[in-house]
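Notes for the one structure printed next.
We just call them A, B, C, D, E and F in the order they show up, numbering each chain from 1.
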């Protein structure tokens, strides 16, 4: 059932740093999935980018996504 | 006790991208399980879709569901 | 020390769907453990069932419980 | 360095149900560690036991503790 | 790259109970890292030690730290 | 696809203590990624460094990042 090959598996990254970038991207895609309207998202940006509590909550999402990405890449230790 | 076959195991997806879609679906099903009334859910939608804090919280749920889906699919690396 | 047999292990379910149901049940049992009074719980129900933030938080609990149930069932892949 | 024997390892429980009880106990002990004064804890009890958001947050802690207990007991499947 | 020996690995504890103490300590050290001023931390103490929501949030951090410590100690089952 | 060598894998640290430092750094980098403006971040600092709830939320992020780092370093037990 799992037929993705290494080359098209979007979870695979070359380095942990690239994995961090992917985690940030996945967090943003989740918000986009719930709020597809780019104008509304743009209007909300100051709400969270200038709010300490929201920035920390975004960091929590990134940390959770990164945990999955890191496990998928076997912590880049192979 | 675990008798689901690969073909009927709803956690299995072809790709990580499909796994993301499933994570979003599972998050929505959880909200539906707690609030089965579609009218109430519809009325609440602006509350979270136009609220940065709630959008981030939804992203956290998606990240957590995706972690499970990714592990179930062995990170699509087989 | 672990003497539960497969037949009486309450974490085991036939399918992922049944695992979702169990996750919802465990979340509710946790709330019941902290607030055993059914009348108080009933009175609180509109507070969370009609509140987007609380509904999302319940979904987070369900996602966390499901992660454990899924691991216990080896992701229903055996 | 890990010298606990099976008989004195407080994480080990006979059943998943006993594991749930332990998860609730660990959550309470954490609150006790941060607020050792029983009178203050008693005074705070209505704050969370009659507040939907707090009850859900307690359920989240229980879910997280249970995940560890379940892993420690190999999901009671041995 | 991992050169810590068992004797100087601060994650290793003799028992689960000592692991709980370490989890509480790590949670406190994280707060200290973000707010190094002891006077400010002291002034904030009533804010969270007498606030149910904050006490539950601290319990969540402890649960998360303990999960890591427990895994590091192979659940004290060796 | 995973080509990082041990020497350039930023997740690898010599000790758990260095792993804690890295977890704090990753949490900060996540906030920086969402709010790149150093002046805005500086202005927000009192909001969270003098707010108990936010400090606890930062500790939660650190705990989550550390879990990944610890797993990547096989808990410094090799």
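Convention: a residue touches a chain if its C-beta (ideal position, glycine included) is under 8 Å from a C-beta of that chain, and two chains touch if they have at least 3 such contacts.
These numbers come from a predicted model, not from an experiment.
Common neighbours of chain C and chain E, by the contact definition above: D.
Number of steps on the shortest path from chain C to chain F, with steps defined by chain touch: 3. The two sequence copies chain A and chain F touch through a face in which the numbers common to both fall below half of the numbers used overall.
Separating the centre of chain B from that of chain E, both taken as means of CA atoms, is a distance of 30 Å. Computed centre separation for the pair chain A/chain B is 15 angstrom, with centres defined by C-alpha atoms. Shown for chain A are the residues that touch two or more other chains, namely 6, 9, 12, 48, 51, 53, 57-58, 60, 64, 67, 71.
Chain-to-chain contact here is organised cyclically: the chains close a single ring, every chain touching exactly two others.
All the chains close into one ring, and from chain E toward chain F their sequence is E, F, A, B, C, D. Remark: chain D residues 6-7, 9, 12-17, 20, 24, 48-53, 55-60, 62-64, 66-67, 70-71, 73-78 touch chain C in the complex.
Listed in rising order, the residues of chain F touching chain A in the complex are 1-4, 6, 8-12, 26-27, 29-31, 33-35, 40, 44-45, 47-48, 51, 53-54, 57-58, 60-61, 64-65, 67-68, 71-72.
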